[in-house]
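You will see chain A twice below: alongside chain B first, and alongside chain C after that.
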Partner chain A sequence: MVLVAGGVGTGKTTLCLEFLVRGAERGEKGLFISVTEASAKLMQNFSTFEFFHTDLVNNNLVTIVDLPIVYDRLGLNREELKPGEVDILVRTIQDLVRESGARRVVVDSLTSVGFRVRSEEKARDFILKLAQAFSELGTTSLMVAEVGAVPGVHSLYGVEEAIVDGVVMLSNVRRRGDMLRVLQIIKMRGTVHSRAQYVIELTPIGLLMAPFLKGGRLETA
Partner chain B sequence: MARESEIADRLRSFTSGGTVALRLGARDYADNYLAALGLTVRDLGGETNSHTIYVSVTNPASLVWSLLQALDIPSTRLSFVDAISHLMMSYQDTLPNASYVESPTMLEGIMLRIEYLLRRHPSQRNMVIIDSVNSLAVHNAPEVLSEFFHILVNNLKTRSVLTVLFSTSETEGTELDRILALVVDESFTLGGSS
Partner chain C sequence: MTTGDEPLMGIPDIDAALSPYLPPGCLIVVIGTPGSGSHLLAKQFAQAGVGSTPVFYYTTAERTIDSQDAFRSFHWDPEPIRFGNLSDDYYQRVLEPQLEVSRIRERGLRLDDLRNARRAEVSVGPYSLVNRFLNDLAGLDAPFRLVLDSLDFLLELLEVSEVVNLVRQIRSRTQLLGGKAMVTVQQASLDNKSSAMLEDVADLGITLRSDPNGATFEHTLEVRKLRNHPERTQIRRLTIDDTGFHVAP
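And then the complex of A and B:
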């Protein structure tokens, strides 16, 4: 399980989408669990990318699920989920993964689920149980986390970065008035990986990266 | 003309990639610039199985495009990375074959657009023209520009891309000249100094 952490407009959702599409191209089914955006709107946004084809969805290679609809079907209509309901939610997500046959899963975002569980303690419990569930299922999963621009902070609840196998940090960096999208791999258990920062661009053919040039004064946006 | 065809032949010989500085003499600069366009975009870029990526930092791509058309230079196998139109507030005249970078200070953005266009137009002979290194130097500090050229040029070279760097002959002996010396395989001068 990998945490994709970053602020607004840093490319987290697009990165996750490409992760699923590239998997589908290799025959690995994908499941996108959307917490904030309706799937219809997501599909509309995704259609601007050439690498995404609606056939992937039509042929069940990529399944997009609206978590709010799942809440409704489970009768979890209250603003705040109770501890027992957190367990129900985790089991339901586990069932969705099984039913879709997904080998790759995206939850966009953990932060939004966290708003429903309210207390940090319950949020940690949810994340821990979800991690265990995905581990049992043997999926590769990306968990999106909305985090602000605080250096060294990659999670909201302080546990995500410890639980997950990897942390990919996306941020907006200002340099002389220019806003650059920057990607950095903070952690990736069991692999030798770059720790350098890369400027990314979300192009129609996918995410492209270039080394972040060191010259110039920086400030995080 | 003999000089121009000699340079074109020499550029043609970089079959497995390379980096060339094309210095344009200040005297009759406009003529030298047109000659440079002719021997690069027309002579090399017009050949079969080639694609040229023209990075415009001095003039908007729309201006270069109209110039090429006026000169009857076929520009079918040509894409632009325009890093100056936004800054010059001339973004209205966008070209379908141009990719726009908001500022010439966004050097990584220029690298990424070149990368994007190389992937979009895979061909046997790719050429990247940067017009010009002097304009890039106006907007960027020498240390970041040096880093940019080092990464870009070496990356393109490993992919057998010919990179042509336009500059003015006035750069000789300057900091910019020292930066170019580190990345350029060969230099040519068109026309004389003022």
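And then the complex of A and C:
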């Protein structure tokens, strides 16, 4: 389970989508659990990317689930979740992963589920149980965390960073009047990884990465 | 018939004893014990207004057609009465979805349950029922007669203070427009404090009882409160026949 942390518009959703699409190309099914955006709108946005084909969804290689509809069906639309309802939610997500046959799962975003769950304590409970469920299922999952611009803070509830296997941080960096999108791997268990920042570009053919060069040489062109 | 001399409850002896002491706009709170006939009294009160003012009958206790049949069985024509059924509404909008939810929780959610579903924007709760009722109430602009039979079901869903507040709104509407309103409630739904709160809002507070007496039941109507006329409190024995309640000879 990897946390994709970042501020607004930093490319979190795009990165996650590409993760599912690349998996589907290799025959691994994917499940996209959308919390903030309705699946219809998401599909619209997704279709502007060349690497995404609606066939992927039509052939059930990528399944998109609207979590608010799940809340609704489970009667979780009251102000505050009752004790035990966190478990119902986690169990349901587990069921849906199993039914879809997904090997890769995205939750966009964990932060929004946290807001729905209301109390921080329940949000932590949810995240821990979800991590447990995904590890039982043996899926590879990306959890989106919407975090502000506070350096070094990659989670809202304090537990995400500790329980996930990896943290990928996306941010916007201002460089000589330009806004650059930057990706940095903060941690990744069990591998040796670069801790350098990479400049990324969101393009119709997917995410392109280049080393982030110090000293402004980027502008020499 | 003018609103001045319309019957109060349709029980002539009692009407004659109380009407002179009540303002043109007033609220009657009926507290009933099981089997005491509070639903019948509610209908008799509604019927008594037919021909003088528009009559509204809100029920939470029975289906609309059952109410209408009950009117007919006492030879009262339900046609001129406008019915509002809060329990049908409640069933469709709250209970049915709840049943569906427990069914889905029981068997587990499937992807198919999510297809073709829209995001629900608002959740329905008891408030939407009360809001609907208050909307109707706010739409009235001339003298009226209104029955809310009964509060029991609202007391299950809302805080007592919220229910009392609703009753207060009904009363202020009766005062403003010159309407007569009756709300009923089962004694068992109330603790001492909430019945005191309700009687406090009432212009006329009535308790209906049915007590075993030999092989039959004795029906009594207690006038426990008549605003500004404590000397008018009284207890009357009632009989019931196929034209409704009467004061026992």
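The rule we apply is simple: the second predicted complex is superposed on the first by the 215 of 221 C-alpha atoms of A that agree within 3 Å, B and C clash if a C-alpha of one lies under 4 Å from a C-alpha of the other, contacts with A are read in each partner's own complex, and residues count from 1 in each chain.
Convention: a contact is a pair of C-beta atoms (placed from the backbone, for glycine too) under 8 Å apart; a residue touches a chain by one contact, two chains touch by 3 or more.
All of these numbers come straight from a predicted model, not from anything done at the bench.
Asks: After superposition on the shared chain, which partner residues are touched by A:A210: those of chain B (first), chain C (second), both, or neither?
Replies: In the superposition, A:A210 touches chain B alone.
Asks: I'd like to know which partner A:I186 touches here: chain B for first, chain C for second, both or neither.
Replies: A:I186: touches no partner chain.
Asks: Touch check for A:I69: first (chain B), second (chain C), both, or neither?
Replies: second
Asks: I'd like to know which partner A:L128 touches here: chain B for first, chain C for second, both or neither.
Replies: neither
Asks: Tell me the contact category for A:E201 with respect to chain B and chain C: first, second, both or neither.
Replies: A:E201: touches chain B, not chain C.
Asks: For A:L96 in the superposed arrangement: first (chain B), second (chain C), both or neither?
Replies: The second partner, chain C, only.
Asks: Have a look at where A:R176 lands relative to chain B and chain C in the superposition and call it first, second, both or neither.
Replies: Only chain B is touched by A:R176; chain C is not.
Asks: Thinking of the overlay built on chain A, is A:M43 touched by chain B (first), by chain C (second), by both, or by neither?
Replies: neither
Asks: Considering the complex alone, what residue numbers of chain C touch chain A?
Replies: Residues in contact with chain A: 97-98, 100-102, 104-105, 108-111, 113-114, 117-120, 123.
Asks: Residues of chain B touching chain A in their complex?
Replies: 102-103, 105-109, 111-113, 115-116, 119-120, 140-141, 143-145, 147-148, 151
Asks: So in the complex, which bits of chain A are touching chain B?
Replies: Interface residues on the chain A side: 175-178, 180, 199-201, 203, 205, 208-216.
Asks: Where on chain A is chain C touching in the complex?
Replies: Answer in residue numbers: 38, 63, 65-66, 68-70, 72-75, 77-78, 88, 91-92, 95-96, 99-100.
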